[in-house]
Amino acid sequence: MKDKKIKNVFREGAISSEFIGNSIYKHQTKTSIGAHNIFLGQVRADEIDGKTVTAIDYTAYEDMANQKFHDIRESAFEKFDLTCMHIYHSLGTVKTGEICLFVFVSSPRRKVVFEALEYIVEAIKADVPVFGKEIFEDETHQWKKNT
Amino acid sequence: MNITVKYFGQIVDVTNKNQETIEIIDGQISDVLQLLNNKYELLKNKDFQIAQNQELVSLETKLTGAEIALLPPFSGG
Amino acid sequence: MKDKKIKNVFREGAISSEFIGNSIYKHQTKTSIGAHNIFLGQVRADEIDGKTVTAIDYTAYEDMANQKFHDIRESAFEKFDLTCMHIYHSLGTVKTGEICLFVFVSSPRRKVVFEALEYIVEAIKADVPVFGKEIFEDETHQWKKNT
Amino acid sequence: MNITVKYFGQIVDVTNKNQETIEIIDGQISDVLQLLNNKYELLKNKDFQIAQNQELVSLETKLTGAEIALLPPFSGG
């Protein structure tokens, strides 16, 4: 059975810096928080065989992915003393220099946020069915591989 | 039974479609895979995992009639 | 001899979420970056012996502190493959819920930013002469201790 | 020689000033400390490190005439 409170982590297109700033702002009423840690994935203009990546086009097996994001969230709250946790991932086209992944954890204490953030980002990379197609200037593509 | 099969990422480069319904007699995941390998010759060059009902499964897992997905290596973030 | 390019890390008062959002925005032209990691220290409304902290008043041995921040920066660039690194720390009054420390590291690869950020934040806590005075509602105070 | 001594954090609660100039004959850090302990009785209850010319030094470090600072435990961030 799937949990009913599964959130949709996906956003169409890039995640803006205003959205991130605003998300930070909203946490300033939570005065038990002492430390935030934020991970941002940004699309790199990698050069591969003389061609430069201009964007990544993201697709996902959305239902399964949101379920996996939910499982990661539950597991992180169980393992770490977190006050808040937010994950956003792009779908569709994200140009180089733009942000495709935003993970935000908050806790009373700093040691906790370092451990929790790395755990969550590594779990996202390993467990969530999201697929990045690297688009070159000449509109050819290759499938992104995580390392 | 009729089973919905979904394709993702570079698997779509081989199947040229995002999903289809296949008809198969009772069996296990490997039976679906054999059927798809016959239909899409280039599929055997591809690296992928298989999910049934949104959970990764092995070739020996029994078919339940739930949705199946062919998932190439994940590359989120 | 002191290096001539020592930056002033200190900002008067809290660090705003707009400032942080804008700092993220400025990095979107740097298309070799694949991962950002941001640490934010936020002032907690701790309750101590029945009294609640309402603000921290920060002072510093500014010249020595900026030199130490500079040393930490140099050492981090030497140890880790970082594209960018920024540190801002508040001086003066920062109210509960407001941000007093902003550390921002960027690199082509994610493993690097996790290691680098934790290294930098721990070095700041250990080596930089900054002093936090926790102010209670009744205007009494106690000196903050880092744990 | 004349040496500027700076006070920070909870040390200021004892000295009631941020800095002062002391006159001292040639010697080492411990001589300055002794002078200050005589002047500020409560200082010996305080936990602090001493910097000379913005570097932490030990009690045996020779005085150079450069600025000295009394630094209680750091609590940035």
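As written, the chain order gives the labels A, B, C and D, with residue 1 at the start of each chain.
Note that contacts are C-beta pairs under 8 Å (C-beta built on N, C-alpha and C of every residue); 3 or more make two chains touch, one makes a residue touch a chain.
None of these values were measured; they are calculated from a predicted model.
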Separation of chain B from chain D, taking each centre as the mean of its C-alpha atoms, in whole Å: 73
Cα-centroid distance, chain A relative to chain D, in whole angstrom: 49
Distance between the centres, which are taken as Cα means, of chain B and chain A, whole angstrom: 26
Two or more partner chains touched - positions in chain A: 41, 110, 121
Contacts with two or more other chains, residues of chain D listed in rising order: 77
Category of the chain touch graph - line, ring, star, complete, other: line
Each pair of chains that touches, named by its two labels: A-B, A-C, C-D
Parts of chain D lying in touch with chain C, wherever the complex brings them together: 6, 8-10, 51, 54, 69, 71-77
Chain C residues within the chain D interface of the complex: 41, 58-61, 63-65, 67, 89, 100-101, 121, 124-133, 143-146
Chain C contact footprint on chain A (complex, rising order): 17-18, 20-22, 24-25, 27-45, 96-99, 106, 108-110, 113-114, 117-118, 121, 147
